[in-house]
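One structure below.
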Amino acid sequence: MRRLLVALAASALLAAGCASDLPPTGASAPPDSGTSAAPAETSAPASAGTGEQSEFFVQADYDAQLAMRTQTAEGPADKPWEQAIAPQMVDTAKYKKDGPYHLCFSNAAVNNPWRQVGWTTMQEEVALHKEIKEFTALDAEGKDDKQISDIAELQAKGCDALIISPNTTATLTPAVSGACPAVPVIVFDRGVETDCPVTFIKPIGGYAFGADGAEFLIEKVPAGGKVLALRILPGVDVLENRWAAAKVAFDKSQLEVVGVEFTDGDAAKTKSIVSDYIARHGKIDGVWMDAGATAVAAIEAFEDAGAPVPAFVGEDQQDFLQKWKDGNLTAVAPTYPTYQWRTPIIAALKILKGEEVPKQWNLPQPKITQESLGTYLQPDMPLLHYALCGCESMPGFPGKWGGK
Amino acid sequence: MIALVANPTRAVYAALIATLAIGWALVAFDGGAFTLNDIVGIQQRSAALGIVAVGQTLAILAGSLDLSVAYLISLVSLVAAETMAGQSSNILTAVVVALGVSALVGLVNGVVITKLKVHAFIATLGVALVIRGVLDHLYDGPAGRVPVDFQQLGYARIGPIPVAAILWAAVAVAVWFLLRRTRLGNRIYAVGGDVEVARLSGVRTDRVVIAAHVLCSLCAGVAGLLLASRLGAGAPTVGTDGGYDLESIAAVVLGGTALAGGRGGVAGTVGGVLLLAVLDSIFNQLEVNSFFKDVVRGVVIVVAVAVYARRTGRRAS
Amino acid sequence: MKRAIPIFLVLAGLLVAIAVANPYFLEPAGFLGFLKRVAPLAILAAGQYFVIVSGEFDLSVGSLVTVEVVVAARLIDGDEAMTWPVLALLIVIGLLVGLVNGLVTTKLRVPSFITTLGAMLILSGAVFLWTGGAPRGALSQGFRVFGREGVWAVLILLVAVTAAVLLMRADFGRTLIAAGDNERAARLSGVRVDRVRVFAFMLSGLSAAVAGILLGGFAGVSAQVGQSLEFQAITAVVLGGVVLGGGRGHVVAAIAGAFTLEALFTLLNLHGISGALEYAVQGVIIIAAVAAGGLRLPALRLSPSKV
Amino acid sequence: MEDTPQKSPAPEQVILRMTSIGKSFLGVRVLRGIDLSATAGEVHAVVGENGAGKSTLMKILAGVHQPDEGTVEIGGETRSFAHPVEAQRAGVAIIYQEFNLLPERTVADNVFLGREPTRRGLLDRAAMDAATSRLLDELDEHSFGPRDMVKDLSVAQQQVVEIVKALSVDARIVVMDEPTAALAEHEVELLYRLIRRLQGRGIAVLYISHRLREVFDLADRVTVLKDGAHVATVRTSDVTTAALVKMMVGRELDAYFPPRADEAVIGEPLLTLRDAGNGKLDGIDLDLRAGEIVGIAGLQGSGRSSLAKAIFGAEPFTRGEITPTRPANVREGVAAGIGLVTEDRKAEGLVLNQSVRDNALLVTRAIGRGGRSHRSTAAVAALLEKVRLRPPRQETEVKYLSGGNQQKVVLAKWLTLAPKVLLFDEPTRGVDVGAKAAIHDLMRELADTGTAILMISSELPELIGMSDRIVVLRDGRVAGHLPAGATEEAVMALAAGAAGAAA
């Protein structure tokens, strides 16, 4: 099949007598054989109210991620961004060259606080390394098409390594495949459906995130308690995975999921939805969220309704942590650490120095609990700061991140 | 200089050349240089917006406008990619189906505006919402797969010229030809200039407006196909992420076409799109952040239209 | 006012349907919650009404709402003492943006669609340029009170509605609608057409400032707080039977349009038609409402007619 | 009148025959039992006062309106037109006062709009240009070509474009609605030549005009309408101007006008112009005195409306001495107590979608004069009573009123100003007879209470009947002064210049 496509592509090229920026590999395989894994279990107890299992659910990935939570990461203990869980190292000798280096970065967007914190962190990481003489970054502004052009443009800039944070998994795959032969490619955050990048850096993943929160609620909320699940929007793989894992956990539990709602990540909408549920059900015993950006708005809905704030799942965003501490809440914060923005720079330098790197670089993905809250909450950081930036010891801290 | 400003089309090209020159200098000062790759980038970057804007020109010339193009682009990319399902043999069917869907949306826009007498702003905004609802309901994320053959549309080049740019040029020339050399084109200007005059001259004005909308939607459909070929799949947010609705209107107006209709043309629109693309490219070279870009873009659009308004104002008084 | 009757019937129907589906709605707290939720959009609709009835558009209000909230958060930065000065500043910003929109539209004769489209890009770009991409700082509790406590929101809504009605009955309002109806006749009667239009834009800017204060108060700082509010506001106004192109429609009907839109969302949510199809339903209803209104526009007047 | 000798043209030559045409709008009968016929090569004038029904009749012929009664035969066939285009296809071309042209398009584009020739499916611009050129040549028009933009043409040239458009559809009937209204004197001559050429091609020309001189110059026959009814159709050679005027007016001139001002009532000048001028006017000397109605006569384009607009401040004077105030813009004019009742009520006088009340208070509100009491329902009721609006409903939208009532609302608007000077541009155009008298009475009452009034009118009987003094303009200058009760001939002689004082 693939050969046929390649042949077709080749003949098309010949026929047109023209050049193409299209990668000749054609349809490429996903990085892991996840798609061929057994179909997800879709049966759920009707009472759970969690609906059908997501079509994004892949059992093998789920199992792998949940297992990774308990595995010990290799690497320096005080630098989680340099740690890797169960690394399969690959040789990078063929990329070895002398510095100084020109690194390039195609960024999907800087359109939300998480990316903002990450982007700042990455720039500071670059500043730490004298051997990087030039760092060229293009912002795709959340547009797939622009990112495809950006990647093509960066390839012509004589980059020694190309870091890509893809805007969308499926649609950026051809562009990434196209860049691989020309330059060592490092992909992080969202993945692509090809294994051509030298390394793919990510925290453990969405299943672990979702499960961390759900397990917390199952532990804290008495049996029969009502749980409200708030999701940002459907269709984003990372977010789908978070919910899928939570769903699996809830389905096995004695909790009643009274609703699964989409908030568009809009604080006002979140607050309205939660208010409606409080009004309708009188009492909500737990709130699960697939991202913490609107957690505070959801908490406020309880405050404004004069209801006690139930067990909450948030994220490592400063405003939530602050609220948690001030309100002495029962809460947990799974994280999708922004320190992963440091790793690609480190990885790029390793590659260019010929040091081996993990093929899939699984970063540890801690969750913030009541016990560790004190260590992560830094009072003088802005409300939309993400605590797991791993940036506290960087020279620009805290000013560059807007802190005081 | 006065002569340049006297004609919006000439003005926008003058601005384009000036921007290129200034951009070149700035980039050189910054230690970079415009390469062949950047030129290719500009063409690639502008092709999709260019095609949409050429279509939007038709709607605006006819005294209307179309806010539904962005969602239509997403819809078309999905319809095409799903119909192709990775098979080269399905390409033709997919293109036909995709363009059929586009034409249908254009027809609905046109009919709602002319027969139900709903203001174009509301009509196309309403249709946009309907498409959005359908998209959200049916699709969770990228879907379908575009075969490699079809991806050539988005990636192949003939020498330094990307096929996408050739497609854009072809669409622009076709629409230019339509406006200059066909009855429909003539009547689009007439209807946009003065509906009553056109009606009294025997022009079936409703049909002209509907035709303009169908063509506008077809252009959006072509852009959707192009984007699907670039992405290798259909994506429910590709149209809105690109901001093709308001940006295409901005490009048209930047090109000197009057928002009220009846005056302007494709040449100006092409200039407007290229101007935006060159600005983009320069900003990319200088790694200016996207917020600053928005500010500059907003200023450029308002200033350009203010300059054109001064021109027509002087003539009127 | 006669043409406004349908919107009130539709609104009444929707409210009854909501009450049937959710009796809590009839309790004071439930209804207060609804009012609190409607308030920002209703105020924006009132502001947008002034602009539309004068024959123009204001697409910049969504961005402006975001700007207001982001500016407030950065300047207040959790400091209660800053609350009042910043509130005053927000009002000034709203009025100033309206002033610029109005002057560019009337004096430079740029169609308001383009002026405010440009303003939309400039505002959102500029504010994030200033804050480095994401909102910074924090709102004070004093600031949050207006949006969080239903009583305040409802009070502000009442004041806004009353002010809007009084303005439309005053000389300003009557000359504004006259300018939207027939600019030339208004000019030849001594109406300062440009000035009343500029005021209309300033009122729209002011409404965005107030809506921003309410929305920021309601749910806190967010970068997308104002997203697509401009289209919602225009939709609400048009639902109220106000004609794009100017000169016709009542401000109370425009505000009722906002209530209707919000009631529609609430009802769709109650019936589980959230997210996806909500938009489709909204789209169909807007077109149907305008078409059923039998509005006949002589021409698409997107640009100010020349005199 | 009906028994005026009338020789029917030979039937085979008759191109148009309208029989017993009747039409009502909203229950008001505007036309009844109208007969009209035209033969090939004939110039047939249609005359009548404003509101006589000329325009409605022509719109029926053009397919804009459909008749309630009667038939339209063209070339012997009974036709009914649902749409203007059908009338056009049947060979009826209408040249409206306001041209139906697209300023942003070329002459050829305009001529062939809606019927563009094609070759192999493509627009044949060469053919369009050639055909347009040919027609322009035939009309002996060489001052512009097919490729020129219409916006760059003069009014007279645009009229030629309209005529070329009519010729290009092989029109058999060409209707011209007040074609000389916007033309300068020398351009009128050219128009005459054009019309003769149309005649020569066997086209029937229906010529609608107020100007009896033109009627006698051009027309073979003339049909007189009055109050929506057919009065007579006569050969121009069989009738005198006086007889025609009598048929049109149907009454003694003075019968309907309020008595003129007493010398005693006329007071001090409230406005004095000395050597005033701007782009369109030059060397104007004029006094407007309290209690006096000054009539301004002149052909269209002589600067009558410009004079009113200049005094008002809408198109201000740029030179000369104007006392006591020289408004630089409308607001200054209004603030100085000057009001202007514009010629085009709908476009310039009223905000049609607003209520009677809103319109009546528009000026008050615009200048923010007076307190709340001025805006009270009672105050507006008193105002409407003063202008005799019937019925005096305040909340009715103005667009639903008759022309006469609309004009009364315009008047009410200015009365709130208690104007020192009130300028009337065609105050009774499109107003029915009853309302006309009421408006005339109101004007006189205003004058009697000390307002200085300037009145522009194309209707000489009205001008003569109302004015205490007449100033005649020609080409933007004062051509002469006439006392009250001057004859129409005297006015026309001055207006058209001695040489042109025919008829």
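Chains: A, B, C and D, in written order; residue numbering restarts at 1 for each.
Just so we're on the same page, contacts are C-beta pairs under 8 Å (C-beta built on N, C-alpha and C of every residue); 3 or more make two chains touch, one makes a residue touch a chain.
Please read all numbers here as calculations on a predicted model, not as lab measurements.
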{"item": "Chains contacting each of chain C and chain D, listed by label", "value": "B"}
{"item": "Interchain contact steps from chain A to chain D (minimum; 1 if touching)", "value": "2"}
{"item": "Between the pairs A-B and A-C, the one where more C-beta pairs touch", "value": "A-B"}
{"item": "Reference chain D; chain at largest CA-centroid distance", "value": "A"}
{"item": "Centroid distance [mean C-alpha coordinates] between chain B and chain A, Å", "value": "34"}
{"item": "Cα-centroid distance, chain A relative to chain C, in whole angstrom", "value": "36"}
{"item": "Between chain B and chain D, centroid-to-centroid distance (C-alpha), Å", "value": "46"}
{"item": "Distance between the centres, which are taken as Cα means, of chain C and chain B, whole angstrom", "value": "29"}
{"item": "Residues of chain A whose C-beta touches two or more other chains", "value": "110, 234"}
{"item": "Junction residues of chain D - those touching two or more other chains", "value": "none"}
{"item": "Numbers and ranges of chain C residues touching at least 2 other chains", "value": "133, 275"}
{"item": "Chain-chain contacts as defined at top", "value": "A-B, A-C, B-C, B-D, C-D"}
{"item": "Residues of chain C defined as touching chain D within the complex", "value": "171, 174-175, 177-178, 181-182, 184-192, 247-248"}
{"item": "Complex interface listing, chain C residues touching chain B", "value": "57, 104, 108-111, 113-115, 117-122, 124-126, 128-129, 133, 231, 234-235, 238, 244-245, 275-284, 286-287, 290-291, 294-297, 299-303, 306"}
{"item": "Chain D contact footprint on chain B (complex, rising order)", "value": "180-183, 185-187, 189-190, 193-194, 196-203, 262-263, 315"}
{"item": "Chain C-facing residues of chain A, complex", "value": "110-113, 116-117, 119, 234, 261-262, 264-268, 270-273, 275-276, 279-280, 293-294, 296-297, 300, 304, 319, 382-384, 402"}
{"item": "In the complex, chain A residues that touch chain B", "value": "5-6, 8-9, 12-13, 16-22, 26-27, 55-56, 110, 136-139, 141-146, 148-150, 152-153, 155-156, 168-174, 178, 234-237, 240"}
